[in-house]
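Two complexes follow with chain A in common, the first pairing it with chain B and the second with chain C.
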Partner chain A sequence: MAELAADQHVRYIVTVEKKKDSFESLVMEHIRLNGAYWGLTTLDLLHKLHAVDAAEVVDWIMSCYHPESGGFAGNVGHDPHVLYTLSAVQVLCLFDRLDVLDVDKVAGYVAGLQNEDGSFSGDIWGEVDTRFSYIALCTLSLLHRLHKIDVRKAVDFVVSCKNMDGGFGAMPGGESHAGQIFCCVGALAITGSLHHIDRDLLGWWLCERQCKDGGLNGRPEKLADVCYSWWVLSSLIMIDRVHWIDKEKLTKFILNCQDKENGGISDRPDNAVDIYHTYFGVAGLSLMEYPGVKPMDPAYALPLDVVNRIFLKN
Partner chain B sequence: MHGRPRRPAKPEDEEASSAKAAKLRELQAEVLRNHHARTYTKEAIGLSFKLLEINPEAYTAWNYRKLAFQHNVKELSDPEAIKSTVDDELRMVEVALRQNPKSYGAWYHRKWLLNQKLTPVDFKRELGLLDKLLKVDARNFHGWNYRRFLARFMGVPDEEELKYTMDKIRDNFSNYSAWHNRSILLSNLLIQQTKGFESKQKIFSEEFDLVTQALFTDPSDQSGWFYHLWLLAQTSTPDNPQLIASWPCNGAKFSSSLVKEKVERDKPIWSRTVPVVLYFNEPVKGVNQSSVNLKSDLEFDKDFNWRPLSMTNSGYSNCWATYLQIANECSSSQQYSVELSIPCSDDIVSRSGSNYNFPVLFTFTIELISNDTSQDTDLFDKPVAWDCSESFQSHGNRDPIPFDLLNNTTALVQEDTNWHFEKLSEEIDLFRELSDDDSKFVKLTLARLLLACAATKSRGRSLVERKGYCEEALRLFIDLIPLDPSHKQYYEDERSIVLIDKLTCDMETFMKHCSVQVQQNLAPLNHVKLCRLSLTRVGFAERLLWVQVLDLSHNSLRSVEGLEALQQLVLLNISNNQISSFTALEPLTKLISLKVLNLSFNKIGDHSIDKTRYICSSPFSHKVEACEAFEVCQKENINVEEYWDAILFFKSLKLAQLDIKGNAVASKENLKTLVMTIIPCLKWFNGERVN
Partner chain C sequence: MDHAKSGPSTWPELADVVPVPQDDGPSPVVPIAYRDDFREVMDYFRALYFAGERSPRALRLTAEAIEQNPGNYTVWHFRRLILEALDSDLLEEMEFVEKIAEHNPKNYQIWHHKRWLAEKLGPDIANKEHEFTMKILAIDTKNYHAWSHRQWVLQALGGWETELQYCNQLLEEDVFNNSAWNQRFFVITRSPLLSGLKVMRDSEVDYTIEAILGSPQNESPWRYLKGLYKGENNCLVADGRISGVCLKVLKNDWTCVFALSLLLDLLLAGLQPSDELKAILEPIRSSDPETADADLATTVCCILQKCDPLRVNYWSWFKTTLSQIS
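Let's look at the complex of A and B:
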């Protein structure tokens, strides 16, 4: 079987970070904070977080901070949004540097976006999505500030997005989608509410995401894509049904999507690599206990040792 | 980056790309500058148009346009001018969707605009746009979400939208998005009892016909099968919760030995805790002192509570228990009868909100014996050996096992059970004809139909039929493994439950696994042995409520969920299984009588990923916070980050004997210290005397 080209991936991540001027980087410029989370978490999973200068990263993260609102933008000069606020908090967790935050201000920003029905808006403009419910719960939990919101209502909203197939959509009535399912299962896991899930029903839908080529897709009758290795596997682990898929075939699929020469992982074999799929590929391998890769926590999407440190050290 | 081939960049590409990049960089910088300076001129807005045309994901540019729109529309009073401003934004969205039909920012911009309600919405235009997009990609979930948004906005009745899903399904049976929307709409229509949707039976019969047609057209397509699975669940779920088992059961007579607890004013006080367990067919809440009546001539502490026996803190559980604290100054044997009744109740409700309406009443007798010699302190002075077969007696000469657990639901056959059964039988016939084909879905669906049918057969002579359904389903699961090897362990899990059903559903078969075990210094114990059956998980715990010794060794158990209901259990052997973490054992922490636990030769400590980390109670899910036991262990130099799961597990157990050898975790030095620190009453650890 092919092997994980760990050194090449590390090199790819470190160089991609410096290539800010290509068209591809510019199109993604507004989500650079997400990119930082993907790249740095991958480095940590590969035991190479020290390849970057922590102080420099933390400084840059803080330059995306909006002190008036308490939220983070995707990059310097952009508007704050919960999507980037979670990434900022996660990266600071990786470096054990939550001390640079005004925790109550950041928690206040997230908590302030909860709506009357328990849902969360992504920012002041009011778009509602279960992705934002997960982000809010995950951020607040990492900051030990869940008490700032109405957790019961938040859970009820997520549950109201549950479908006939046991999965979840972006809003009530929305079709099940593996990414969305990760968010909802994660939200319920973090709040100790997994009893709302029919684990056998959802487990069956999720394990049916495995395609003939071994990869996982995000919805029925769609093509496999490396990113679902994370969304589907983490959900299956949280509901204790991950043994229902063939891990060996999936491992092969992910390894076949590597650019072994230049590093990086793509969505499907022989496609162009990017940092997003590199992260999801390595994270998927981590969830399958691939040798040499640190174990991940399936709910907080951070290395296990980081999460254990946050919740078990007083 | 999706679907872009990997290839080395050619020099001419790079040149073109860097020219494009320079233009984009400039645009992005200018739009941000205008955003910060709050410049909302026509020219500035035009730049944001150009940017979003190239990159619809630039979210700050959408925010900028919203601000500019609010700023500019404020100054307008002429309806035509307002309409033209709104139109500009609608066009912007359309241009962006052309570049990326799945742009979250673009779709939300349109919803936001409509919600401003500044001009009448041209629904024809909206539906036209949707039609165009769904024609290109019939599964675009943004499009479907927008359609649901529009339908609500316009007040389109659900029946109309239901027709639309039918059109889409007719276009292409494989449209999962359409089937999904259909399930949502039908559920709403049935709940609201809309005209034409009053009869669940009629609607589901029609839906079965519709989906079967789709399935037979293309049996390899997943879409219809998930819909069929939903219909099956709707057809086989009982409408109201029912009590299906209890311990003690109706008519039971059992003896319980009192233990001399203390001496007060020269008089010894004898006491005993007697658990009473109720088991429902689905999780319910609201079991309490007012919804369940307990009457007895026995003296017990009236201040008792019913507690859900489940791993969750949801308030719902299949299984409820209370613990009667009996204290007695008298040591002579006496008999007491206990009457328990559950009337129809609005307190006891299922998750779906249906209330309990099958009243039951049953009685049992407790004989209290006091036994000076058998005090807890003297027990387990020798380790329990699991393999000494001579200590087993056949069950034949003892009181019959309380098998027909309640004897009281016989008369209460639900009115529509017949319809359920007939519909399921029809479907079974249909799929039996097809099951010779090597279609995994046909076989799997047939197995599921058979099991749904089996579930309707729970009493008296129909148990023979139940066994027949189980056997046929078992054969199908065995066929499915080579047919669909990727899902091997799914089929094994399903098979395990059916196998337990088959082995325990009638007395004759079940008795082969039952015996009475005699252990030194203990009263004879009811023993069930289900070994070497390749079981991967446990089911039908309601049939095991009376079991005191359970041997599940030499299976492939990954989970012990369900065992929490066995409040009589004293000895449990789950050695030689596939248990991979302490968190997977959390159900055992609910067993108040458990004294001897054999976990040898499992996989605890083998894996870096814990699959039950979020099923169990932990600080990560905020179900428990760091506890005193953590501090105690820290004092013993035990690393809490490494052993939190072991600490949380052992702290709830009052074991006398633990065997854990043959697990990776057992080779760690600290484990013995940890166990002995947290379980001070432990006498035997891996066969060695401790304390």
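Let's look at the complex of A and C:
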């Protein structure tokens, strides 16, 4: 079987930061904080977080902070949104630097986005999606501030998005989708509410996502894509059903999506690599206990040692 | 107004604006070399954005920035503030966003902007919104954003009248379309014009069985069929059509995973297997020493272990739960 080209991936991530005139960086400009989270978490999983200057990263993260609202923007000079607030908190967790935050202010921003029905908006403009429920709960939990919101209502909303096939959608009635399932299962795991899930039914739906090529898709009749290695596997682990898929075939699928020469992982074999799929590929391998890769926490989407440091410290 | 395709530095109305370059934060590793035309637009945008200027020229500038990068949510946010301040024609704005959406149908910001507009325009816009999502779904029948928007419009603004018919049409075109099956379930359980799942169930079972018999390897209708009886296993077993469809499919192909799986559910829920069913499975059972003395459910599990090797661990687990029951 092919092997993980860890050194090349590290080099790819470190240099992608420097190629800012590419088309990719142009369209990624406004989500640079997400990119930082994907790249840096991957480095940490590969034991190479020290390849970047921690102080410089933390300074840049804080320059995306909006002191008035308490939220983070995707880049300097943009508007705050929970998507980037979670990425900022996660990256600070990687470097053990939550001390730079006004924790109550940040938690207040996130808590302020909870709606009457328990759901969360992504920002002041009110887009609602179970993605934001996960993000809010994950952020607040990492900051030890879950008590700032109505957790029961938050859980009720997530449960209202459960479908007859055992999966979850973005809104009540929305089609089951592996990405949304991760968000909902993650939200329920973080709040100790996994009893709302029909584990065997959802587990079967999730393991049906494995295609003949070994990769996982996100919905029936869609093509396999490396990113679902994370969404599906993490969900299966949280409901304790990960042994239902063929890990060897999935590992092979991910490894076949590597650019072994220049580093990086793509969505499918022979496609162009990007930082997003590089992260999901390595994270998927981590969940399958691939040698040399740090174990990852399936709910918080951070290396396990980082999560342990946060929850065993206080 | 001059809408020539030249950068904002040549726009007369922006002559007094001093562009603000991107601040890449303290000591960037390497200065960012954005593409020049992109940088020019964003530098002018920043100037008006930081000044909070809600004017026609600012509106025009956001259109330019959106055309270059429709994913930039900050630009969309600012555009909404301007639209509100100028009390702009929202139908015209709807045309603008639809033009952008057709080229970027998977962009969260665009759909959110559309929803913001639809919310303001109210029920009169419902049918127009449905026409638009139909147009997008005609290109990609599984576009999640379009489906979410469609469901939201139905619930908030209406337009349910032809929705079941639309599901029929999509499933006629492609019976494997899981999004259409999901929408069908959404309609029969939530449409205020229909009388709910229990009333719809009978005709839906017939419809679904026909779809299954046409394409037994299609995961979606099998799940839909079970969903029609969710939480009511007794009714599932009592409806002879359910075991009937398993039987019909297995007669042609005794390796069909979905038929075997549903049969297993039925057996566990108390189905008394017919002689016909036993006759189909009997030769398979007796040919394998492992199942020679096994009951029917165990036999079905053993068959599944063999014909679904990718998920052999799932079926092996299932088999262990059987021995715990008996």
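Here is the rule we go by: the second predicted complex is superposed on the first by the 314 of 314 C-alpha atoms of A that agree within 3 Å, B and C clash if a C-alpha of one lies under 4 Å from a C-alpha of the other, contacts with A are read in each partner's own complex, and residues count from 1 in each chain.
The definition used in the following text is that a contact is a pair of C-beta atoms (placed from the backbone, for glycine too) under 8 Å apart; a residue touches a chain by one contact, two chains touch by 3 or more.
In this text the structure is predicted, and so the values were computed from the model without any measurement.
Peer 1: After the match on chain A, would you call chain B and chain C a fit or a clash?
Peer 2: Here chain B and chain C cannot both sit on chain A without a clash.
Peer 1: Looking at A:M171, would you say it contacts chain B, chain C, both, or neither? Reply first, second, both or neither.
Peer 2: A:M171 contacts both chain B and chain C.
Peer 1: Regarding the shared-chain residue A:L143, is it in contact with chain B (first), chain C (second), both, or neither?
Peer 2: A:L143 sits against neither chain B nor chain C.
Peer 1: Does the superposition put A:V16 against chain B (first), chain C (second), both, or neither?
Peer 2: After superposition on chain A, A:V16 lies in contact with neither partner.
Peer 1: Taking the superposition as given, does A:S63 touch the first partner, chain B, the second, chain C, both, or neither?
Peer 2: Once the two structures are laid over each other on A, A:S63 reaches chain C alone.
Peer 1: Quick one: classify A:K249 as touching chain B (first), chain C (second), both or neither.
Peer 2: Both chain B and chain C are touched by A:K249.
Peer 1: Is A:L94 touching the first partner chain B, the second partner chain C, both, or neither of them?
Peer 2: Neither partner.
Peer 1: In the superposed arrangement, does A:N271 touch chain B (first), chain C (second), both or neither?
Peer 2: first
Peer 1: Looking at A:C161, would you say it contacts chain B, chain C, both, or neither? Reply first, second, both or neither.
Peer 2: In the superposed model, A:C161 contacts neither chain B nor chain C.
Peer 1: To test your reading of the overlay: chain B has the stretches 240-248, 294-302, 348-356 or 420-428, and exactly one clashes with chain C. Name it.
Peer 2: In the superposition, chain C collides with chain B along 420-428.
Peer 1: After overlaying the two complexes on chain A, where does the chain B footprint on chain A coincide with the chain C footprint?
Peer 2: 21, 26-27, 29-31, 73-74, 77-79, 81, 123, 125-127, 163-165, 169-171, 173-177, 203-205, 207-208, 210, 219-222, 243-246, 249
Peer 1: Going by the contact rule at the top, pick out the chain A residues touching chain C in the complex.
Peer 2: 17-18, 20-21, 25-27, 29-31, 56, 59-60, 63-64, 73-74, 76-79, 81, 123, 125-127, 163-165, 169-171, 173-177, 203-205, 207-208, 210, 212, 219-222, 243-246, 249
Peer 1: Touching chain A in the complex: which residues of chain B?
Peer 2: 1-7, 17-18, 20-21, 24-25, 28, 32, 36, 54-55, 57-60, 63, 66, 104, 108, 111-112, 139, 141, 144-145, 148, 174, 176-177, 180-181, 183-184, 187, 221-223, 226-227, 229-230, 233, 310-314, 316, 485-490, 493, 558-559, 584, 607-609, 611-615, 617-623, 626, 630, 640-641, 644
Peer 1: In their shared complex, at which residues does chain A touch chain B?
Peer 2: 21-24, 26-27, 29-31, 73-74, 77-79, 81, 123, 125-127, 129, 141, 146, 163-165, 169-171, 173-177, 189-196, 201, 203-205, 207-208, 210, 219-222, 225, 237-240, 242-246, 249, 259, 266-268, 270-274, 276-277, 286-289, 295-300, 304-305, 307-309, 311-314
Peer 1: Taking the touch rule as given, give the residues of chain C at its contact with chain A in the complex, in rising order.
Peer 2: Those in contact with chain A are residues 22-35, 38, 46, 50, 69, 71-74, 77, 80, 108, 112, 115-116, 142, 144, 147-148, 151-152, 176-179, 182-183, 185-186, 189-190, 219-220, 223-224, 226-227, 230, 309-314, 317.
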